[in-house]
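Below are two complexes that have subunit A in common, paired first with subunit B and then with subunit C.
For the complex of A and B:
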């Protein structure tokens, strides 16, 4: 995704990350990743949750706020690249660190194909020859070429610059804000919203489906922690930018869903395929438009819609392409970090002799992405497979299939992050936390004063319920998601046994030395002093406790 | 880019857009209250309006800390 200055040296050397990301850069990094999700999520959720789409976004949004606060606390306390995988590895041990990392890798591979797919959907509003419904083979070929192109660019080490990322994010924030202002001021009718909610309320099954899809509008918080390792003074900057990012994304998701349900469109809505009139939300959630719902909605906003129809497809496509690229970049980086921690074989650390990039990781995970693309597109490419999917998978295919897996991977990894946060609060109270989630209960644990995070428990229950909804409502997701985890765990166990490492237990880690190094490299010298003082006091207390009984 | 982001104009622009969000949030809350009253149907509207007003507070705090740092 971003920027910057990652130079990965030969295997065995430390990768060098220059801390050049500013506060705005950190916001833009997160925004280009999470902000793109609404471009994909809006149409999918409207198609599933109908008149309760705003409620689906609200539920998923509140869970997302909890997830965001957890990532903010952890990324500020442990500012290293690796994100959820690193936090779980540190909080819960090797095997859970692997499972969380493997779930994140599933998300990153889906990220590559889902956003490449949606990028072409947005472009198809300018170039109808790329439309999935009318030209499935062309759509498939172009998405495949985008994936190959991104893989090649990442292997030769070309990524979009930080400045480009920041400009696109800035333009998108301004554009989305303008669409919402014009929409809410000139076309929003609360009575239409209430009427739609009353008359088009979905079944419980469809509402659960909608909630599980709504969480994909909030995926990408890994970027907060990815950015942490490259941000100047991360402990101070990350909390500030994260809160702003969390609120912005929440507002956009809630505002777009409310607008889609309660807007009086500027132009009449075309009749559906059977010649019947349809509501705006039905039009946006239809197969023709669900991949590019934000663009269609924007074009129906009074006054501004005329301009928005011209540039939103392009702006959306660029943002989605950046997000797709973040999948290529992120997967190779997480695999590299997991390999260094002996959670994956050393092949994932291998770097290209000429370009010094993790070419093997890039090729493997882009290969997975291409396979996922094939699974998603098969029913539209072949009538035979269309019948097979209709018989065994309730006809789920295309972007819905990708959304299923995306939701599964996110819900699985976020669940572990909450558990890791609770574990680290209890077992590592010495690490200074410049930002803490609100609502904590002071208590004593193993003789030390700690603070138990209530919001982490609420978040865990919320994301756990979304994981259950995903398993209940998605025919492919409940098979493919757990299968991905199971295959990964089997490979992990074989790898650890062959290498002679503990299979279920963790290898010994000197977390204290590592934390000192992390804070020193982050330039957080005050926090380092605080950490040293905390550790000394903790050791003194432990020594006093051992001496006192004798 | 970095110079622009560190400028006073940029900090003020963010404060102004935050204030506009607060106005929009207030409008959303009032119109939702007039239509839905205190009901579950109005909940998404109230949360949306509340989040817009909260964003204004965050922007205001950012501006204050920028002024202190400048």
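For the complex of A and C:
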């Protein structure tokens, strides 16, 4: 662990971030966030989409590829901390920047509690006293303590070092590759896969539910963009690390889901609660195991499972803890950035006098996370609330409750990123893009040659459909998600009105000067030269156009 | 109780595909294209490696390279260059070139023994040579040519006042006429000049 703090220079100056993140470091930042998702997502998707879990992962994976390509292009063109919130703020204006940022904040707060929850689920495989199903109060108390602990560490400025992130990520990539390699090598049976898919194909409703949950296995690519300002040669490195992360996660998700549906387990699967035999996917998707499905699957791999059973719970728990911590760090950082852009009140900029960390933001968003934990755990803690949830929320609780909200937040923020990308392609063609999404249509917009991104439209439709699936299939996501956005927008409007800022319109921004500064600080001097040349050519064309009619 | 575990052909293919795909992806990620600045840095490194095939440290009455020896040894070790320490005795025109100059020859042995000790401490092979020449600069230049030297290392005292050739006439001549790189180190104001070890001639091995 290392001690870091957001050091503030003179009032009004941006804190300067050192460019120390290498290509592997950038990948590790993203992987420690996204890589943890499959530990949570696999069990949830198997529980919902049954024999079509691989199809659910494929659909969500294709959308995720589009999302990843969009983030890659934007993070390489605008290498600043802030990620999706900044792209939307720049592309669509202040109010949409706020909404996207607010949706990302929802995701980050759920990130904190969901991964802390799952971290304890994985540890419960080593310490059964922590199991949620048998000891809900203990589980609740430990998850709560984890959240409080992470908040405290973030306030005093202690977080995992990049080197620690890199080591854990490296170990996990090797571990997951080994699990899949030995799993396919010794236990995969295509006939079991075909049989499971044909006999356990879910209803359309459950498939939509599965797809909407599968997207949570791909959330967190944001972290690479978040660390863009600290990455060496971001315009060159980020496209590679992003694409590699997309491919790695996609390979893992598709491989895990197919293995879970077509694997001959090394040990017999226990009977279910009613004494009936159950398939592997049912066992992994059950309430007992859906929080730690990767660990259970790994332990059933022939030969290698004996080793995996010993270390995967611990490795998974560490990765999940890092991911939970990235939620604490990310939420405070986004809130800080939004506050600086006058999208949130200045209280979110307040830093602790001693530790120089955004303590207020950390406390507020960890408080939200604790509240979400309470809502998720209530039905297990009280019979009365169990009845209430059964009546109003289809009995959704625990990790499913959190998964619902996570899917909503991710789908909402990703939708805006696609729109921002289209807007920036049309309105800011001068910014050099070292990486561009494929399939672009050249066209003229406001007298300038631009390229319209077809993949962004496909991605928007894909993520839009997942958002609709989430709204249709998740009672909690349908109510709590939009409520979060609505409350946020109301607060935003009140804040802007009270401060005398434009309520629906944007405040004036000098994007050209900002882009020059961004590229200069990124050390992308060749891109900066290209940007200056583009701007000059653009201005010359505009001047010629105004003179030519006369 | 464990069940049967028999590899299936499709399973084997998929296992290898997963392994290959992850390895290839990470390899590609870790080898991004280089920038112009990085290319220039790489070329400079290559040139340096080529340049430092052999390094010669020159000593004489006028050239005091003792304080540069440690640096030359480090350079030679890092770049795996051949290292030669040479003491050049300037023989006056009034004497034959092979004339005995006992006092200076003894001094030269001490200087070269110190250089050898420094190199040995760092695990670098060094050859030493004492040369007699009419002029130190010409002797050094001839030596550099004979050994196809890539760098000549010279040391000088910091002169307190301008004397027309503040680094010494021999150093000025060598640096002006040398066909290879010349590294001149000027002793810092607070530094103490290394004194050659007092070694008996028979103790020195060549």
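Rule of thumb we're sticking to: the second predicted complex is superposed on the first by the 538 of 550 C-alpha atoms of A that agree within 3 Å, B and C clash if a C-alpha of one lies under 4 Å from a C-alpha of the other, contacts with A are read in each partner's own complex, and residues count from 1 in each chain.
Keep this in mind: contacts are C-beta pairs under 8 Å (C-beta built on N, C-alpha and C of every residue); 3 or more make two chains touch, one makes a residue touch a chain.
As the structure is a prediction and not an experimental result, all values here were calculated from the model.
Student: After lining both complexes up on subunit A, report clash or fit for subunit B versus subunit C.
Tutor: clash
Student: On the A-aligned overlay, A:177 touches which partner chain: subunit B = first, subunit C = second, or both, or neither?
Tutor: Both: A:177 reaches subunit B and subunit C.
Student: Kindly classify A:54 by the partners it touches after superposition: subunit B alone (first), subunit C alone (second), both, or neither?
Tutor: Touch partner of A:54: subunit B, not subunit C.
Student: With the two complexes superposed on chain A, say which partner A:255 touches: subunit B (first), subunit C (second), both, or neither.
Tutor: Both subunit B and subunit C are touched by A:255.
Student: For A:265, using the defined touch cut-off, is the partner it touches subunit B, subunit C, both, or neither? Pick first, second, both or neither.
Tutor: So A:265 only meets subunit C here.
Student: Of the two partner chains, subunit B (first) and subunit C (second), which one does A:186 touch, if any: first, second, both, or neither?
Tutor: After superposing on A, A:186 lies in contact with subunit C but is clear of subunit B.
Student: In the superposed arrangement, which partner chain does A:247 touch: subunit B (first), subunit C (second), both, or neither?
Tutor: So A:247 meets both subunit B and subunit C here.
Student: If we overlay the two complexes on their shared chain A, which of subunit B and subunit C does A:303 touch? Say first, second, both or neither.
Tutor: Second partner only, subunit C.
Student: Which partner does A:452 reach: the first (subunit B), the second (subunit C), both, or neither?
Tutor: In the superposition, A:452 contacts neither subunit B nor subunit C.
Student: Name the contact category of A:385: first (subunit B only), second (subunit C only), both, or neither.
Tutor: After superposition on chain A, A:385 lies in contact with neither partner.
Student: So subunit A touches subunit B in one structure and subunit C in the other; where do those two contact lists coincide?
Tutor: 23-24, 177, 180-181, 184-185, 188, 190, 240, 243-244, 247-248, 251, 255, 258
Student: Tell me, which parts of subunit C touch subunit A in their complex?
Tutor: 1-8, 10-12, 14-15, 18-19, 21-22, 25-26, 28-30, 32-33, 35-36
Student: Could you list, by residue number, the parts of subunit A that touch subunit C in their complex?
Tutor: 23-24, 27, 173, 177, 180-190, 233, 236-237, 240-241, 243-244, 247-248, 251, 255, 258, 264-268, 302-303, 526
Student: How about subunit B: which of its residues touch subunit A in the complex?
Tutor: Subunit B residues touching subunit A: 1-2, 5, 17, 20-21, 24, 27-28, 31-32, 34-36, 41-45, 47-48, 51-52, 54-55, 58-59, 62, 65.
Student: Using the touch definition from the top, list the residues of subunit A that touch subunit B in their complex.
Tutor: Within the complex, subunit A contacts subunit B at residues 22-24, 54-55, 57-58, 61, 163, 166-167, 177, 180-181, 184-185, 188, 190-191, 193-194, 197-198, 240, 243-244, 247-248, 250-251, 254-255, 257-258.
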